[in-house]
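Below you'll find the structure, written out as C-alpha cells, and then a few comments.
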Amino acid sequence: MNFLTYLISGISLGSVYAIIALGYTMVYGIAKMLNFAHGDFIMVGCYAIFTIVGAFSGSGLGMVIGVIAATVICTAVGVLTERIAYRPLREAGSPLAVLITAIGVSYLLENLALLIFGSDPKSFSSIIKWEGITIASLNIPGVTIVTICVSIIVLVLLQLFIHKTKDGQAMLAASQDRGAATLMGINVNRTISLTFAIGSFLAAIAGALLCSAYPTLNPYTGAMPGIKAFVAAVLGGIGSIPGAMIGGIVLGVIEILGRSYVSSQLSDAIVFAVLIIVLLVKPTGLLGKQIQEKV
Amino acid sequence: GCGSNSGSGSGSGSEGGSSDVFKIGAIGPLTGGAAAYGNAVAWGAQIAVDEINAEGGINGYRIEYKAEDDELDNQKSVNAYNTLKDWGAQFVVGSTTSGCCIAVADESHNDNLFQITPSGSAVDCVKYDNAFRVCFSDPAQGTASAQYIGTNKLATKIAIIYDSSDVYSSGITETFVAEAANQGLEIVSQEAFTSDSKTDFSVQIQKAIDGKAELIFLPIYYSEAALILQQASTMGVTATFFGCDGMDGILGVENFDTSLAEGLMLLTPFSADATDDLTQSFVKKFQEAHDIVPNQFAADAYDAVYAIKAAAEKAGVTPSMSVSDICDAMKTAMTQITVDGLTSSGMTWSAEGEPTKEPKAVVIKNGEYVLAE
Amino acid sequence: MKKILKLNGDLTTYLIVIAAYIIFEILILTGSLSSHMQGLLVPMVYYAIAAVGLNLCVGILGELSIGHAGFMCVGAFSSAIFSNTFADTIPGGIRFFLAFVVGILVSALFGFLIGIPVLRLNGDYLAIVTLAFGEIIKTIINAMYVGVDANGLHMSLTSASDMNMEAGGRTIISGPMGITGTPRDANFTIAIVVLLISLFIVQNLVKSRDGRAIMAIRDNRIAAESVGINITRFKILAFTISAAIAGAAGVLFGHNISSLQATSGNFGYNISILILVYVVLGGIGNIKGSVIAAAILYMLPEMLRGLNTYRMLIYSIVLIAMMLFNWAPSARDWRAKVLSKFSGMRKTGRSSK
Amino acid sequence: MALLDVNNLSISFGGLRAVDDLTFSIEKGELYGLIGPNGAGKTTVFNLLTGVYKPTEGLIKLDGTDITGHTTIDINQVGIARTFQNIRLFKKMSVIDNVKVGLQNDKELSYSTLDGILHTPKYRRIEKEIEQRALSLLAVFGLDEEKDVLAANLPYGKQRKLEIARAMATKPKLLLLDEPAAGMNPNETAELMETIQLIRDKFEMTILLIEHDMKLVGGICERLTVLNFGRVLRQGSTKEVLSDPEVIKAYIGE
Amino acid sequence: MALLEVKDLKVYYGVIQALKGISFHVDKGEIVALIGANGAGKTTTLHTIAGLIKAGSGGVYYKGNDITTIPGHKIVKMGMAQVPEGRRVFADMTVAQNLALGAYTRKNKAEIEDTIEKVYERFPRLRERKGQFAGTLSGGEQQMLAMGRALMSHPDIILMDEPSMGLSPLLVNEIFDIIRSVHEDGVTVLLVEQNAKKALSIADRAYVLETGEIKMEGKASDLLNDERVRKAYLGE
C-alpha cells in the first residue's frame, strides 16, 4: 500500500521532470548544446503566469490567458536568447563556448527576476484545480494526471513533428552537418531558432505544470528542476525524445523510493548513483542508440 | 569601485576613519537562493538606521549604513566583511546565515571589530567575545520547542521534517530530539530534505502519517514550510504543525493560501501581526519600502541595530575611537543594556553573546498570528 | 627563432604569475591594498589552480568534467580533517605540508577510482557522470558526522548522537556544519607556490610523451588506438592528475577559512561550472588563459560590489559579452583585422585555426 | 612462413555478411593489393586485421602469433599499423607531434611520466632522439619543412602522407594502407608509388594496400586479392588478376 | 549570358588567402571542369559559390543575380545543388531520409516520388540500402548517395567536388556516365576533379587552378592536348 503511494509520488515528481526534459532534450539533441538556461526559461514562464493570473485575480480566464501569454513570452525569450547570445558562437567550433554563454544567460535571467520580482518566494495558485482520482484511498493528484497526459501528448507530437515533417527532418539534418544541411536548402539559422522556439514553448508549459505541482516560486525555481531534467534527458539517452520522458519518470520514482526506503538525507546521492550505474551498464542511456563510428 | 575603497582603507588602515559618523555594515545573501533572508536583514537594519538618524543618531553622531552580498558563501562573506572593513565599518550586523557568520566571526575577532548577528543561530557564531546575536541559538530553540510541546502536552507522537543540508535546521533538530527524550515525547519519524531536493515532500509527509504523528515539527524556513503545508493539505494531514523562528514570514508569502497555515504553531520572538506600536510602525515602514511583510530576520536585524545603539550609548563611544577600542567598550556595554525590541522586550545579553528573551508561542488563527494559550 | 618563442610561451606563464605576485606583495607591504583585496588573493589563486587542473581534463584530455568541485571538496575536507586532528600535535609548517600531501593523495585516489569506470563513457555522458559524482561527494559529506574519542574514529550518516562517542570525544565533521576551526594556514605566498607547481606539472606534462599521447586520444581516439596508445591508461593518468590539482586547490580552500561546509555554494555543480567558465573563457587547452581568466572573473563580481543589487546582473552581462568577444568568429575576425592594422610589422601572423 | 595468415575470416553486420570466408596470406616483404568494388568489404578486412571489429569466424595470424580478436592496441604492438580511408590525424597537434605519437611505444625512446613532468636530463636526451627519429620519417615524405604546421591545416594529399609516416613510426611488420592515393592527381600518385616502394625496400616493411587507382595497383603490387560482396573473386599475381575477365567485368570495367 | 559567373573572387581563411582573385563563367548547358592540385582552392571556390564561405571581395552571379552575399540555403532554392567533397551524408539518417532531404526545397510530392525513383534507377545499390544508416555505407555507396541527394533538388546547375574520389574504376566510369546523362537531362555541371583526364574528356571547357589563381583556361579538348596540362595533371 505504502509502496504504491510512494510510487505515485515518484511518478508525480517524475512526470514534472519528464515534461521539462522533453524541452531540454529537444534543444540538446538538435542544437547540440547544453542550454543550462532552460531551467530559467521555466522560471520566466512561471513568473509570467503568476503575474498575469494575479492581474486577472485568479479567474478562470486569467489562467488561460496566463498560460498562453507565458508560452508567448517564453518562446520570445528563447528565440531572442538564441539570436543574441548563442548564434554568434555557433561557428566558434566548440560547444563549450555556447555552454558557458548559456550559463551567463542563466545568471542574467535569475538576476533580472530577482530585481523585478524580489527575492521573496511567491505562492503559486495551481492552474489545475482538479483533485484527481482516488482509488481505494490511493489518490492520484490531478496535476500528475494532467502532467503525464500533457507529456505524452507532447512526446507524440514531437515525434511526429521530427520524423514526419520537413521541418523536423531539417532539424535532424542541421544537427548532424550544418554545412551539408545548407546545401540541401535548409535555413539552418531558422531551423535552430525554431528548435529554440519549441524548446522554450515547452518550458512555459513545463513551468505551468511544475508550479501547479509544487506551488512556490522564486527566481531560482527553475535551476534545480532544470538540472534534474538534464540528468533525466541523459538517463533516457541524449537526443532521444521518448528517452527523456522515460528518463524523467524513472528519475522521479528513484528519487522518491530512495528517499522513502533508503535515506532521506542521501536521496540526491542515490539518484545520482543510479544514474551512474545505468550509464555504466548502458553507456548511451536507456533509449540512446549506440551509433558505431564507421572506421 | 575598488579604487575609492582602497583609498579609505589605506593610511590609517581600518582604525578610525572619518570621525563624525558611525558606520554600520550588514552582511547577508542578497542574491542567490537565500536572498530572501539576506534582503530581509539588510532592509530591517536599514529601517532602524533611518529611525535612529532621524532622531539624532547615536551619541549625536549620524549612522552610515551599507549592506554587502555574500551569496550564502563563506568565503564571499569574508570578502563582504573585508569590503565593509575597508569602508570603515565599526559595527557589523551579520552574517545572516550561520556558516557565513562563523567564518566572518573569525575575521572580526582578529580585528577586534564588534559583530552582532541577527540570525546566525549556530553555537559557534558567537564563540568569540566580540560577537553577539539577537536570535536564539539552535540548541536553545530545539530545547525550548521540545519543552514547550512537552509542558503543554501538545502531543506525544512527533514527526520531524528538517533540512539536513542546513546548519540551522539540523542544529535545532539535534537538540530537539535530545530534549524530546527527556520530555517523554516519541519521535515517530525524522525525515530530511536537502537544498537540492526541496520540491517534493510527499515521502516525508507520508512517513509522518504512517507514524500517526500528532504533531509535525518543522524546524525550517518558511519558504519550504509553505510548500510542505500545501502538500500536506492535499495528503489529508490532520496533525498540528509546529515551527521555530524561521517559520515566521509564512503569512507574508505572496499569494499564499493562509488557510493552509491554520493552527500552525510557532515558537518565535516576532510576529508581524503583533498589535504593539513598535511592531506596527516597523511593519508599516517595511511594507511601504519593499511591498512585503517583514519576517523575523528583518526584525532581528532591526533589533540588532538598536542593540548597537544602546550599547554604544552606554559605553559612550565616538566615531573617532579606533575600531578595537569601540569593540572593547561595546563588549562590556552589551552585558549591561536592556533593549525593548521587536523580538522581545527586555532583552539582555550575556558575555557569551547569547540574548535572554522570552520565546513567544504563537498560533495562526484566521490567517493571523495569535499568542498561544 | 621560433623555438625560442615557443619556449617562452611556457615561461611567460610563470613570469606573469610571479610578476603578479611581486606586485601584490609590494602593494601589501606599502599598505596600499585594501583588506578586501587582500582577502581575495588566496581564493583567486586557488580557483586559478582548480582551473589549471580542469583545463588538463577539458583542454588537453578533451573530456568535459562538471564535477571538479567535487575533487576540491575531497581535497578540502580530507586535509582539513587531518589538520584538525593534528592541530595540537604537529607544528604549523610541517602540518600544512602534510595536509597538502593528504589532500592531494586522497583527491587523486578519488580521481583514479572514479576515472576507471567513468572514462569509458563518451562526451556528454561523461560530463553528466562527473557531475553526478561531484554531487554525491557533496551530499555524503554534507550528511556525514565524524568524530574521535578514546576508542578511535566514529562515523555516522544521520546525526552526531548516532556516532555513539564517549563523553569527551571530539566531533570533526558535523554534518551540514562541516568542519570548523581548521587552522588558517593558507596564505598568498603558499598559494602562489602551489599554482606555480601546478603550472609546472601541467605545462611540462603536455610537452612529454604522455602529454602527446593524451592529446592524441583527444584528437582521434581510433587513430590513437591504431598506433598502440593505451587509451584507458592515459585517460586515467590525466584525470587523476587533474583531480589531484583540484584537490590541492581544495586544500588551500579548506585552510583559508575557519568554517568549511560542503554546501552547493562551495562545492556544488555550479562551482564546477564556474571553474569551467574560467577554462573556456581563457581558452580551452590554453593553460595561461585559465589562470588569467580565473583571476579576472573571480575579481570581477567583487569589483562590482559598488553596484549593489545590479552587481550580479552586470556580471552576467559582462560574462556573455566576454564570451562573444572571445569566441564569436565574427569578433575574432574583427580582432584579427584590428591587430594586423596595429602591428604592420608582423605581416606573417600564423592562423589560429 | 607467411607474415600474415588469414583463414576463413567472416563478419556480419546484422544480416549483411560484409566479409565472407576470406582466406589469404602475405609473405614477408611483399607489396600486396586488396581491391574490389565499393562496399566489397576491403576496409572491413582492415578493421578485422587491426582489431577494430571482432570477426564472427576465422583466424588471423601475424608472424605465427594468433591475433584473432585481440585489441587494436595489442595488435599494433605485435606489428600491424594502418592508415584510414577517412583520414584520421591528430588534427590539433603539429605535424611532427603526430609522428612522435607514433613513436610512443618504442622501448628505446621511453621515459617515465615523472621524467616527463620534471624534464630530467633523461627526458631531454630522449626527446632529442625522438625529434630526430620523427624528422627523418617526415623527410621520407618531404614533410620536414612543415613540421610545426597543425595537421589540420595541411592540404589533403600531405595529410595522407603524414598518416603513413605516423603509422610507420610504430615500426610495424605489416603496414596497411587504405586508399593512399585517393584525392591525389596522377603526378602526386606517381610520386606516392615511389615512396611506397621505398618504404618497403628501405624500411623492410610488408605492405597491404587498398586502392582503386589501377595505375598504382598495377604498378607496384606484386599480388592481389579481389573481393566482391565480401568473398574472394580472384587471387593471384597482379598481372593475372587484372586481366581476368571476371575481375574486369565486376570491377575494372571496359 | 552566363548561367554562373565568378568575378575576381578573393577568399581568405583568417590571414591565409586561398583564392587570389579568380574569374570564370559557366554557360547554361555546359559541363565546365575545374582542375588543379591539392590545396589549389577548388573546394574553396565551390563553397564560396554556394554561400558556405563568405567572399573576401569580388562577386558571384547566378542567373543574372548577384548572389555573393545571399545565404546558402536561398541559393539552393534558386536551383543550385552541390555534391560536397567528402560526401557529407547525414550519417545518422537512413539512405531514404537523406534522399528526401535532398528534395527539401521542393513541394510537389508526386514529382519528388518520381525523382526518387529515377535516382534509385541510376543507383540500384541505394535502393538495396534504403533503410541503412548512411554512416555505415561504404565509401562508394556514400558517394552515390551524395550524388543522388544532390539530384533530388532537381537543380539547374550542379557543382560536384571530386565525385570520383574513392570509387572503383568501374564506378568512376559509371559516375562519369551519370554526369554525362545528368547533363543530357539539361543540368549544367561545374565539375571539380583530380581525375583530370576523365574530367577533361567529358567537359566542354575547363579551367586550371593553381594556388588560388586560374593559370589556364580553354576548351577541354585543347587542354587535354596541352603539353603543360598533360605533364602537370595527367601524369604523362
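As written, the chain order gives the labels A, B, C, D and E, with residue 1 at the start of each chain.
Going forward, a residue touches a chain if its C-beta (ideal position, glycine included) is under 8 Å from a C-beta of that chain, and two chains touch if they have at least 3 such contacts.
On a predicted model such as this, the values are computed, not experimentally measured, just so you know.
The chains that touch chain A as well as chain B are C. By the document's definition of touch, common neighbours of chain A and chain D comprise C, E.
The most distant chain from chain A, with centres taken as the mean of CA atoms, is D. In terms of the distance between Cα centroids, chain C is separated most widely from E.
Distance between chain centres (mean CA atoms), chain A to chain E: 42 Å.
Once the centre of each chain is set as its mean CA position, chain C and chain D turn out to be 42 Å apart. Measuring from the averaged C-alpha position of chain B to that of chain D gives a distance of 73 Å.
Counting partner chains per residue, chain B shows two or more touched chains at residues 30-32, 164, 192, 194, 196. Of all residues in chain E, those that touch two or more other chains are 136-137.
Annotation for chain A: residues touching 2 or more other chains are 111, 114, 265, 268, 293, 295. Pairs of chains that satisfy the touch definition comprise A-B, A-C, A-D, A-E, B-C, C-D, C-E, D-E. By the touch criterion stated above, chain C contacts chain D in their complex at residues 2, 200-201, 204-205, 207-213, 215-216, 218-220, 222-231, 237, 285, 351, 353.
The touching residues of chain C, counted against chain B in their complex, run 31-40, 43, 135, 139, 142-143, 159-161, 175-178, 180, 184, 253, 256-261, 263-266, 268, 302-303, 305-306, 308-309, 311-312. If you check the complex, the residues on chain E that touch chain C are 13-16. For chain A in complex with chain C, the residues that touch the partner chain are 34, 36, 85, 88-89, 91-92, 94, 96-97, 99-101, 103-108, 110-112, 114-115, 227, 230-231, 234, 238, 263, 265-266, 268-269, 272-273, 275-276, 279-280, 283-285, 293, 295.
Within the complex formed with chain E, the chain D residues making contact are 13, 35-40, 43, 85-86, 155-158, 179, 182-190, 212, 214-215, 250-254.
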